[in-house]
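Labels for the chains are A, B, C, D and E, by order of writing; each one numbers its residues from 1.
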Amino acid sequence: QSKIALISHAPDSDSWWNTIKNSVKQAGEDYGVQVDYRNPANGDLADMARLIEQAAAQGYDGVIVTIADYNVLQSSIKKLTDKKIPVITINSGTTEQSEKLGAIMHVGQPEYEAGKGAGMRAKADGVKSFLCVNHYATNPASFERCRGFAEAIGADFKKSTIDSGEDPTGIEAKVSAYLRQNPTTGAVLTLGPTSAHPTLKVLEKAGLKGKMWMATFDLSDEISKGIKDGSVKFGIDQQPYLQGYIPVAVLATMKSTKSTDLAAVSAAVKANAKTAARFAEYGLAPAYGPRHIGSGPGFVTKENIGKVEKYAGQYR
Amino acid sequence: MTPQAPNPAPAAPTDDRVREVSPLRKLMSRPEFGALAGTLLVIAMFAVSAGGSGMFSAEGVVNWSTVAAYLGVLAVGAALLMIAGEFDLSVGSMIGFAGMLLAIPALYWGWPLWLATVFAFAVALALGWLNGWLVVRTGLPSFIVTLAFFFILRGLSLAVSVIFTGKTILSGNGDLVLRDMFATDPVISFFFHGYTLTGVFDALARMGVIAARDDGTALATGLPKAVVWWFALTAAGAFVLARTRMGNWIQAVGGDANAAKNVGIPVARVKISLFVFMAFCSTVFAVLQVADAGSAAADRGLQKEFEAIIAAVIGGCLLTGGYGSVVGAAFGALIFGMVQIGIGYTSIDNNWYRVFLGLMLLIAVLFNNYIRTRFALGRR
Amino acid sequence: MTDYILQLEDVSKYFGSVIALGGVTLRLRRGEVHCLLGDNGAGKSTLIKTLAGVHAPDKGQYILEGKPVRFNSPREALDLGIGTVYQDLALVPLMSVARNFFMGREPVKKLFGFLPVMDHHHAARTAGDKLRDMGIRIRDANQMIGTMSGGEKQCLAIARAIHFGAKVLILDEPTAALGVKQSANVLKLIAKARARGISVIFITHNVNHAYPIADSFTLLNRGKSLGTYLKKDVSKDEVLDMMAGGEEMQKLMADLDGVTI
Amino acid sequence: MTPQAPNPAPAAPTDDRVREVSPLRKLMSRPEFGALAGTLLVIAMFAVSAGGSGMFSAEGVVNWSTVAAYLGVLAVGAALLMIAGEFDLSVGSMIGFAGMLLAIPALYWGWPLWLATVFAFAVALALGWLNGWLVVRTGLPSFIVTLAFFFILRGLSLAVSVIFTGKTILSGNGDLVLRDMFATDPVISFFFHGYTLTGVFDALARMGVIAARDDGTALATGLPKAVVWWFALTAAGAFVLARTRMGNWIQAVGGDANAAKNVGIPVARVKISLFVFMAFCSTVFAVLQVADAGSAAADRGLQKEFEAIIAAVIGGCLLTGGYGSVVGAAFGALIFGMVQIGIGYTSIDNNWYRVFLGLMLLIAVLFNNYIRTRFALGRR
Amino acid sequence: MTDYILQLEDVSKYFGSVIALGGVTLRLRRGEVHCLLGDNGAGKSTLIKTLAGVHAPDKGQYILEGKPVRFNSPREALDLGIGTVYQDLALVPLMSVARNFFMGREPVKKLFGFLPVMDHHHAARTAGDKLRDMGIRIRDANQMIGTMSGGEKQCLAIARAIHFGAKVLILDEPTAALGVKQSANVLKLIAKARARGISVIFITHNVNHAYPIADSFTLLNRGKSLGTYLKKDVSKDEVLDMMAGGEEMQKLMADLDGVTI
């Protein structure tokens, strides 16, 4: 049985990654490989570099990494390629960086673009100012989402962002303080369930629920409820399931077919019945490219929430 | 309230070796006074820099006092434990774990909410006991023992929630919605959910004293239950420390465990009970937060152990044990909570948030210390 | 019932490679003042800590009122009526006089008829009174112990042990830091305790304190007992020579004239 | 090495009050022995559970020893500071800030790398001095003072990087690439960048002792500079503590600051120098990491203050000061680093990571403590 | 140059509302042994801490060799040759005998000819020798102070102060915890120091230690000085009465027969 490792940059408290963990488990079952999920406990990138080196020392059959920071990970990823371990990059980072790192493919979608995509929708709704609730400010990449959104609507990124911390009580208090302080704020963007839930409570308490334009990254039970009742315009869904599932499927197929032809491997994954069934069940739609595969941004709105809702936080 | 007995001294007031000292100075020499002064300074600073921002409106006050209250609940336990010379680093992890212990039975095993709550308390207290027992039994520093639980409990919250539910944030399961369960269970709701004194707030709103919603009810719904717990636990903790035998034992154990043992104080029992009490405070925090947020999550309570210690130290507790005040710790929580949230009411650029947080803390504590030593009597 | 309220039979205590006590036997008669003599480092404090339950003996037997006992903590000894003043006093510097006095045995009253609280008023008054009896005037029973003078602290520790009137009173150099008046008071208190039938073990390096009050003497030397003597069998000078570790006072004092110890 | 003098006692060996004790037991009673035993136990546990996974291959060893080395660099400073009775919570923030202090001048102000590095060291040491000065001057607990800097410096890293560069991760600016600058500056590169002993490793690879790349060079490039720093700082710290006057002063200050002051030890100077030394260790960490990662970022060093304290405590330093060992702290860093990374080499599900981390720590420390007290001589 | 090496003129020291010293004058002649007497809590330790630079006086002047001084730390007093044995000894329990002995004044040798290191061998030998001179046999100079007996600790503190032979030696109850032999040795050491021209301030509650050795006595009572007396002007019994705070010994001892103090 071949062994694959997925190394993320997320601290293990981040709920979004739970979907990825679930997806690699299922992919492992579907393709008969063992997948180890690894992450730096505190989200420290330097620790992540060590984990990548560790994967090299362990001699995995394939390694999936996030490009949390191109420069930091460059030399450690080289340790993998030196050992001829196939690498697939996921989540953050760009396809160019992925290619420069010598990865065979990239599955994901950069933070800035996701933020910008959401911002474009907001702009269409006439939003001119906003508040970005960042519960993960210690990871600098998270600000890219806020920046993308801000630049799309033409707002001042620095003035519109708060470092909310991860404690729901604190988030609630800080958001409500900000809104109180900036009563003209036109919209709220939250970066995930951790910040979305308390923010929803603030809006509810202030009587702004449904009135204030709000969108969020990622999904959870609570968020899908909000989408249904209209208090959340949409959830920006990166389809994390795909980011975990597809690389495992690709690496496993490459190994089992002993092929390095990416197109053929992609096709085989696409054609796999188990895979197709999973994607259909969870309502996922990967954008297969010639080399890279896009996983988003999918916008989950009132219209398509039905399919997603059941699995929010688990497979969606 | 103070570690010293509050009663008047029996010594003759006309002792030739006692100087006249004004009663005001005497008042100011009480250990809480420094923390109170620090609090007033922080209020003054925000009154100047964020006066018109609504920070001191009813909603504003409820807003930051909720943050202070959550922290304050933990600070009571942390202060008592610190006075007894120990630390508990597993507080934050315990909060996450206790939330899971409540949510999983309630949502996935079909238990009634009250039973799930009792279960969460029971398991948490047992873990607190284990913490204390290991510290007392092995003689290892509590720092190391509770550090192990810091990791273990955080890991368990994650593992348990994934195993039983496949998710890491639990707010409902099919028809069962945690928020509704809290709203409908009368007992649990009374203790942990929502607000109290809503009538008073609404009346004030109708009188135009505080801001109202369109429907005439107060914008600030009421006094959050967390604040009530904060006051209640602080009062209880201060009472125990100042007025009971146990309070005397706590101070003695922290001041000199060896001396305490030699005069027959059951050192192990005192320490273990305080670890259990700390677990109780953590669980109260967890249940309040689950009720408030309507969900439990594996990452709840991150770094709360740290903040609880900060609050206790700001409030004048000695890190080395033996001296401190529960009321001081409550002020410490208030200072820390107010500074954390208050910065959001000022027009300070968010990039500077931490810088100001650090500076304000330093100023508050320096001032507090200045007052304390300036007016301290009979101490050096 | 035996004659002895408390016996140590052939007790040894080791700290790592150090033999602090090597086979010491000590028998305390009911109602006597038994003086433990010995050079610095002879093992006196170790012996009384063994009696008080702080150390468990590594070898030998501890017999209380005829029954062998083994204490796991000082509390057990206290509960059986063995009160001790340690050489390091066992006071908590950051606590008040009153709180230290009643540490471990706090006076309790009921608040509102049901809430058991510490009776601070009673504690402060009692502590102040007892100290005044020994010749120490404290200004404020809420003063921290850490700010008191050496002698004041020692008086507090003694007053505490005597107040909780035990069956056996063990005093490890109680008069070391005391002034003349206070020492006299402590000796009086010991005499009073004996009159009440309490047995006392008394350690001192001052023969003028030891000889008048004691009924018998046990001499320790380098962890071993050199025997027990009744007062009627030895003179003050013999006791003094024993205290000096067998060397004669004359030799010791050769260089200094006029000194008597 | 030990807080006790290593020389033989002049007392006669035929003292009738000394029992015979075997030399082995004497050896085992040294404070480092416990930490060494804990380390061996951890190695044994991994040898069983992750033996075939490459954890003990050359790359594997380099891998986890790098983690231990980084932590060990901090542990030296933290241990000495703890022995002197103080803490520094600003270590982690200092790491982030020092990285910024290096990267911004080098990339945006056009300074040569060596000058930027000197600048980073200078400012960091000055901040360390300020930390110490405030602690000594105000008499506040160092916990609170350095906590303020914990916030302030983290905030400054963020604010400064955003102001000067608009980014929070700095790896290059136009033509200037930090990674290349490190590779080309001979002095800085010699001290902080890359590996040493590469020749030896390559030779071993050619001999087939360790794994090789296609081109015949060793897969494990060499001994990382971080490991060299770790050894050097540990040796220096242990030497200072055991053999110099300063070492005696450090122990005295931590054991009883009052007594130390009364015998004329310059308490303030000792404490301040240790804060400066701690800042030095943090900056070494920062520069090594910037060189290794090729970038500086505002979030570097998160929680490192905490891990450094953990390592020191595992290594047997007393949290209350006055007792400890630098070599012990190095073993503490090794235990913690090895456990952290080693779990990844076993087939344990990641959800259980923290649970195992906590358990292994507890076991290692319990064992360490058992050994220490079991064989301790002349101590209770 | 004045007759006095050290003078305190009308010095007061307050702790909050407590008047620890209220206008005390003390003059120490060159080469004399000056005995400071007084009840517990009289302010003796506070006075000598003022001399040693631990406390700065709140009022009054401190004159050293005719020049007014103001010390900010004990180090400054030490550097001017004022060595002190504090009542609480100023030892660090977790450090070894040798390290404590040389604390603050470590003997240094050069390793490899340039690296200044502490000379542990010399330290251990010196500490062991000095203690042996005082009648204390230590098994191991690397033993922790915390495990030593009360008297052993006190001897170490005294040996240390005397070894670093200062111009002025201040001893706060140095013989309190000492055995007979050790006390005799300390008194001899004081006599020797005087012979070398060192001035000594000596606090004790034991008149048998005070009277033979002292040249003059100053009596403190409740923070105030009751005057200085030369030995030739007072008898031992008068000194004893002074020590008892003015009460006469006879009255004090009325209840106990045979006791002389």
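Methods note: a residue touches a chain if its C-beta (ideal position, glycine included) is under 8 Å from a C-beta of that chain, and two chains touch if they have at least 3 such contacts.
By chain, with names taken from UniProt: B, D = Xylose transport system permease protein XylH; C, E = Sugar ABC transporter ATP-binding protein.
As the structure is a prediction and not an experimental result, all values here were calculated from the model.
Graph distance from chain B to chain E, where chains that touch are one step apart, equals 1. Farthest chain from chain B, judged by C-alpha centroids: E. Work out the mean CA point of chain A and of chain E, and you get 73 Å between them. The mean-CA centres of chain A and chain D are about 34 angstrom from one another, to the nearest whole unit. Centre-to-centre separation of chain C and chain D, using mean CA positions: 49 Å. Of all residues in chain D, those that touch two or more other chains are 17-18, 158, 162, 318, 351, 353-354, 357, 378-380. Among the residues of chain E, those touching two or more other chains are numbered 15, 18, 88, 137, 139, 147.
Within chain A, the positions touching two or more other chains are listed as 12, 21, 158. Every pair of chains that touch is listed here: A-B, A-D, B-C, B-D, B-E, C-D, C-E, D-E. Looking at the complex, you find that chain D touches chain C at residues 16-21, 29, 376-380.
Those residues of chain E that touch chain B in the complex are listed here as 14-20, 22, 222-223. Listing the residues of chain A that touch chain D in their complex gives 12, 21, 34, 36-39, 41-47, 49-51, 53-54, 56-59, 69-72, 74-75, 79, 82-83, 137-141, 143, 158. Residue ranges of chain E in contact with chain C, taken from their complex: 15, 18, 38-42, 44-45, 87-88, 135-137, 139, 147-152, 155, 173, 176-184, 187-188, 191, 205-209, 211-213, 240, 243-245, 247, 249, 252-253, 255-261. Considering their complex, residues 52, 54, 73-75, 78-79, 84, 86, 88-96, 98-99, 102-106, 108, 111, 116-118, 120-121, 123-125, 128-129, 137-144, 147 of chain C touch chain B.
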